[in-house]
Amino acid sequence: MTTTLIRHGRIVTAVDDYHADLLLEDGKIAAIGRHLQVGPDVRVIDASGLIVFPGGVDVHTHLENTFGESTTCDDFESGTKSAAFGGTTTVIDFAFQNQNTSPLDAIARAQSKAAVGASIDYGFHVIVTHVDDAVLGDMRHAIRHEGVSSFKMFMAYPGTVMVDDAAIFRSMRMVGEHGGMIALHAENGTVIDLLIKEALAQGHTSPKYHALTRPSILEGEATHRGIKLAELAQAPVYFVHLSAKEALAHVIEARDAGIPVFAETCPHYLFFDESVYDSDDFSLAKYVMSPPLRSREAQDALWTALKTDDLQLVSTDHCPFCMKEGHMGKVRQKMHGKDVFSRIPNGAPGLETRMTVIYDGGVRTGRISINRFVELTATAPAKLFGLFPQKGTIAVGSDADVVLFDPQAEHVISAHTHHSHCDYSLFEGHHVHGKVRKVFSRGDLIVDGDQWHGTPGRGRFLRRGEVGGY
Amino acid sequence: MTTTLIRHGRIVTAVDDYHADLLLEDGKIAAIGRHLQVGPDVRVIDASGLIVFPGGVDVHTHLENTFGESTTCDDFESGTKSAAFGGTTTVIDFAFQNQNTSPLDAIARAQSKAAVGASIDYGFHVIVTHVDDAVLGDMRHAIRHEGVSSFKMFMAYPGTVMVDDAAIFRSMRMVGEHGGMIALHAENGTVIDLLIKEALAQGHTSPKYHALTRPSILEGEATHRGIKLAELAQAPVYFVHLSAKEALAHVIEARDAGIPVFAETCPHYLFFDESVYDSDDFSLAKYVMSPPLRSREAQDALWTALKTDDLQLVSTDHCPFCMKEGHMGKVRQKMHGKDVFSRIPNGAPGLETRMTVIYDGGVRTGRISINRFVELTATAPAKLFGLFPQKGTIAVGSDADVVLFDPQAEHVISAHTHHSHCDYSLFEGHHVHGKVRKVFSRGDLIVDGDQWHGTPGRGRFLRRGEVGGY
Amino acid sequence: MTTTLIRHGRIVTAVDDYHADLLLEDGKIAAIGRHLQVGPDVRVIDASGLIVFPGGVDVHTHLENTFGESTTCDDFESGTKSAAFGGTTTVIDFAFQNQNTSPLDAIARAQSKAAVGASIDYGFHVIVTHVDDAVLGDMRHAIRHEGVSSFKMFMAYPGTVMVDDAAIFRSMRMVGEHGGMIALHAENGTVIDLLIKEALAQGHTSPKYHALTRPSILEGEATHRGIKLAELAQAPVYFVHLSAKEALAHVIEARDAGIPVFAETCPHYLFFDESVYDSDDFSLAKYVMSPPLRSREAQDALWTALKTDDLQLVSTDHCPFCMKEGHMGKVRQKMHGKDVFSRIPNGAPGLETRMTVIYDGGVRTGRISINRFVELTATAPAKLFGLFPQKGTIAVGSDADVVLFDPQAEHVISAHTHHSHCDYSLFEGHHVHGKVRKVFSRGDLIVDGDQWHGTPGRGRFLRRGEVGGY
Amino acid sequence: MTTTLIRHGRIVTAVDDYHADLLLEDGKIAAIGRHLQVGPDVRVIDASGLIVFPGGVDVHTHLENTFGESTTCDDFESGTKSAAFGGTTTVIDFAFQNQNTSPLDAIARAQSKAAVGASIDYGFHVIVTHVDDAVLGDMRHAIRHEGVSSFKMFMAYPGTVMVDDAAIFRSMRMVGEHGGMIALHAENGTVIDLLIKEALAQGHTSPKYHALTRPSILEGEATHRGIKLAELAQAPVYFVHLSAKEALAHVIEARDAGIPVFAETCPHYLFFDESVYDSDDFSLAKYVMSPPLRSREAQDALWTALKTDDLQLVSTDHCPFCMKEGHMGKVRQKMHGKDVFSRIPNGAPGLETRMTVIYDGGVRTGRISINRFVELTATAPAKLFGLFPQKGTIAVGSDADVVLFDPQAEHVISAHTHHSHCDYSLFEGHHVHGKVRKVFSRGDLIVDGDQWHGTPGRGRFLRRGEVGGY
């Protein structure tokens, strides 16, 4: 394993910001100092003018995930390569509990898929769709012995993945006692389901009805409910893809009271808003994700909350489906819902653009500090989900997951140049300042400019510790 | 200047927590690494079993400060020595604008006093008691050219230091434009003054009436007013010694809205409550500080707020007056108000105990994490008041202000063993876990166990940068 | 029909308070004046020293209602007599939709029962347990043509009466458009059901576990959810038996925002608290109602809310079951749950004591004004549920439902002297000031001291108009 | 004194709404009934198609009031005539304490002026500008013996009428103990004064700067402060002319908590907004009142608050100054500030239009119910300020102050037809539905269509009872 010295970089962590040399040895950060001396066998990289960030940690991705009849178009190989090019060196993906099977089976299945393809390190949340005593026992086992300490449950999608409040409450209470955490998709699925059926019955089939049938008040309601269940269970709770102002208000109120409530938002909620839905065109299918895009007012509130720590992290919910049916051999993608919006698979790509757009739209514009950028994209995710200090920071002893970032470099985002299999990018044509130049994963230089040096299978499964202790 | 290698310590910053060696060279942190190699001329200190913290930063101290007829019993010499023994290596004290003189004179006077006595580094806030165009010009000059970027104003003490809302507003607006910040003592002085006069008229002269005439609702009122003035002025605002639940609620509400409002609380509000005032005994004079101690409920809320970042730092408001008249030659101390509580000089010591009691009562009990401890006592104060990254963290290039702290060592706090001139400690007899073992200031080992190696005058004036940018 | 002149009474309405004579003619209030002149055929009653109130309106009673295997022990005959002796001259009871039958059938069945027994006027809410297009059509018909404009739905009791959020939302939206209103029993039934099963599995069978398995946070959650469903449906909503402070907070917040949210509380929540549950004794079964009694703090908040109009009315939720099995031939009463708390029928009597205890505990103590007393017990219920101005006030043209109340008379409440079939009173032994002396229903003197002049069947079904227009 | 029978009217009070005949005898309401029989000497008026309202009560008028160098253009004669034509039969005006004189002198002076000119009944609030022990004693005397139970204090206008927080607090505490109440003009005068001076120094002299120098945040601040002072004093408090959303929010929060806080708003805040200030024209002087007009959003919030009882009444703050200098001999009117906005006397007319515009813009549009209209304009003012039941309702025994109102009649508001001396109306050209047809004051028909039958001096001073007991 090559030892590397990164010279003269500007090292930025969630709290610090200084110039120093950085020594990567045996896959770890070995030393940080002014003018470190190294031998001739050490690879020396000049990082003058570059920022040295800890590699990004994205805790919400869907690689090779199947929802209903559709499977996301990125597998672990393309997805983790795409992540790496975007400066993300760790993902937490999902292991899906098929009805009436064990969460442990789900973990095993997910691991076998990822082991083949992943070029960066990864962990899993289990999506729990059925709860009984045996399942709860297996969840406890997963926390204690399998390094899987978080579980996602759905308050939406009745008939497929939605579980009832009692199942959520039981799970929260159990995992809360054992150092785990429940992540919730919070939307009132029962009412949404009615609204969808009514829309279809009225002949409203175009993609914009996806948004119109998922009003923000129903995300707010479910978020409040999730918080109250967690409060009763005396357990922490995590809200994925928070988008609605109403939901945010409940999170803020709970956090003010010292209740351990956490939430992420996603780049698309920070840069796009519901005004895009103003057409019946099928091209809007690219904006069909759940929750849908919200108001400008909500967008502003999300940015404020990122600053004030009312939101703790930015994840992608990378859940890509191609717009063109058959692209790269993928079928039942967005066009699956051509005639009826409810069959459009929900989700959008984002893994490769997260770091860049948050830097450009957050740090450069002054909305968040550069330290907060690192906290939101790397440190907080690692701390909250039991990966710290192995991941998420630049400190002696941590994994040498390091990104060299050029804050001056300008480029235009495009699906033509990204590494995801997805045939579109929400940020197509966005001109941004800041570019990932080099990426190290455990000391290996896997991205070097446009060159890819990663290999499928080099990524390792991360056994995570207790969550929610952030 | 001796180069020092601190081996095998557990280095803790506001975000990180790892084991490494730490090299202090030329007064700076030069390197951090596993197994750093050094030459024979380097002093090597084994920190096994010890925590390596950044030196504490206390932004609210009153050394050689005169209020009315009384002067605090610690001068810069005793005060900074006391600070150092408590693990604090930077203080921000006060320069007092005498009525109708320039803030610049105040700074010069304060500097000349501190230059003689201080053994650790220091900065100043100017206490502004009169505002006109010339004063505003001088304040701007102080920010831009003198390294003094914060100014304290009083909403209490009419007839002496209280200024009116317009003066506060004008000052906020001006300093906000130039990277400065107003710190407020927020109590409604006019009403308190009435309550005091009424109490005295009724023959209520004992110390407990100090507390009874300063109800928490009046701190809440003034805090709200201060926030609104800041909001109108579009400037940041800082509240010193926040103690009341009502005041905290306003700070929380403002921060939720993204308004740049900051506040400190003090150790005495975190460990004592108003129940101590339940007697007419003069010994209660030691608890005569402003604001007074509050309810248990308020205390709990303060701890929660420290955790949730609704309070950003813990300062001491070290404002010591001896209980025994003539102790160490100090006169007009607490006994000055023997016959009438309103003449008791307000304040209590705390500089030496801050780090220890917050560690013991906060970290050890699980109320706050060890990273948050560092943030509250060193990093946030440094960032908020323009001292970062020179002070407040352990990172390459920062000043080598470092504390070796033994988390296992137990000891009993006492005025008999502290280094302040004050003849009492609020924490007298408190048994705590955790003890400062060694303290470095710019690489100099100034505290080594019970040994004092600091010298008066070695401390340097800190020219501070922009504030409020935290 | 006898014409009656009530002389020299103190007439109190929701707004007025004056002395005058009151003429009741043809079942209506015909005139109010100083020194009204009447002929010799007019019955003249001297009301000197008495208060003349409008007859009480109780919109939440359960007469001859069957829940599971148990039927309330008061039928329309005993129940309405009991009401009249307590100063209540109008009740709104429930018509129960058996699964998959029409609400219209429910109304017809309820009417046929009441027609035989009722001695005062009555209306119905339909309890809707199943919603589909046909049911919605029948609900609309009920509002428009049957004088039934309110419908109760349960967020608790899964497997029997609970409906899902979509059913509630659809119903709200439809009735909101047609001048009707949904009344909600707001508790999160799914989680409560789990808690009950767990309690039983742990061998916790005594009545106090009824309370322990229905935490107030779950009433708060459901109340919030109900409000949000109503907001989305743009319809008014009414919360029955609000008891929890958390629930009240949500109602207050919604009302502050101008959202048409209404709520009642019940006398038992105003006079008793959870401290009664501190035993495993079966005698606590008399306190088994849903929601259970709450904290003292909640009780205080309810009283404040009655004053500030955050709660709009006081109803009884009169739902009596005897403690002694077989009393008056009633079976499957409270003893039904002797071995397992979950089989205790939920509910308590209260119809006869409502006016007296609210007067004594509210008006006499100064918690609410005497006008507010009338508003809470008569005017607001009548206005909110479409009975005004026929019922709920003393004004020319209104029904001559009038109570002569002696505010000085003291008495002790007891099941031995009340007229309900129930063998206990929650207020047994309470010494109160204020007693109903005479009660007129549509001009008929049905209660005269201890004498009963009412007759079963004289009560009339009230076709109600639009609701929620208060 | 003529006895009058009003036949077939629709009588509307704060709670009732019914058709009946109304007998006015000896200046009182003697009887209400269906088909009242009267002798031939009784004047019978047919009110078919008309609404019979209680006469309006306006608790905020400035007749013959002098502020600085300017005196309002309506004296008691023109002002009360104008009131009567608008359906208002009671006013509470102001008695002004000249610096260092007794409030009792102020009352005597005001009484002597009103006694000559008033044609309707009137009371006074004392404007207290200086507080000491003697003044407090006289205030107590005024409550107990002079029928003056409310006192207005200013948080604005430093150097003239502003008093400090201690003076307000002392006054609140004293009057609160004796059944009185402090009314506050809540704006932060110190900061406003600075903003005015700065605006003038920058050459901003046109009327719109009146609005720009009185930002709503400063009304919010002062309102919060006033509430906290009242809370500490355990006394009720009343806010005059509440206009800002921020101020309203504080009132709502206090009322939710059960604190006795009351507030009025004025018609101009309900119908106009700050958009009128968008010019440098001097004609904007007619909109120069304090506080100035606010945002549309604030306007909506005020309407909602009128509905939800967060605001309790609508008063006019009738404070008229002519636009044309010398009109009707009045000088130093609006033109006084032609060259500098700060010299424009603050205020606008409104007494004659209050009832009509609130009916038209509130009741007819469905924003408030017709009962609420009566409550806001007559009943609540009377109750809150100790005039009930003599004034403010239609009930047997109350003063026969009655308005016959034609809800169908349409007319256009104009200064050409109003009875105030003021040469403009804010509502000039507004086309409204609803017109006052006849007005009775204590049984005297003083307004009959366009005919004026009132006489100066017939109005009586009203000795008011306890306030705040609403």
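Just so it is clear, A, B, C and D label the chains in written order, and each chain counts residues from 1 on its own.
We adopt the following convention: a residue touches a chain if its C-beta (ideal position, glycine included) is under 8 Å from a C-beta of that chain, and two chains touch if they have at least 3 such contacts.
What you see is a predicted model, and the numbers here were worked out from it, not measured in a lab.
S.K.: Keeping to the contact definition above, tell me which chains border both chain A and chain B.
M.R.: The common neighbours do not exist; no chain touches both.
S.K.: Between chain C and chain D, tell me the centre distance in angstrom, where each centre is the average of that chain's C-alpha atoms.
M.R.: Roughly 40 Å, centre to centre.
S.K.: Whole-Å distance, chain A centre to chain C centre, using C-alpha means?
M.R.: From the centre of chain A to the centre of chain C is 52 Å.
S.K.: Give, as an integer number of Å, the spacing between the C-alpha centres of chain C and chain B.
M.R.: Averaging C-alpha atoms per chain gives centres 59 Å apart.
S.K.: Identify all positions of chain C at which a residue touches two or more other chains, and write them in rising order.
M.R.: Residues of chain C touching two or more partner chains: there are none.
S.K.: In graph terms, with chains as vertices and touches as edges, which category applies: line, ring, star, complete, or other?
M.R.: Its topology is that of a ring.
S.K.: Each pair of chains that touch: what are they?
M.R.: A-B, A-C, B-D, C-D
S.K.: Spell out the part of chain B that touches chain A in their complex, as residue ranges.
M.R.: Chain B reaches chain A through residues 11, 13-20, 23, 28, 30-34, 36, 252, 255-258, 304, 307-310, 369, 375, 379, 389, 393, 395-398, 469.
S.K.: Which residues, counting only chain D, touch chain B once they are in their complex?
M.R.: Checking each residue of chain D against chain B gives 164-166, 169-170, 188, 190-191, 193-194, 215, 217-218, 220-221, 224-225, 228-229, 231-232.
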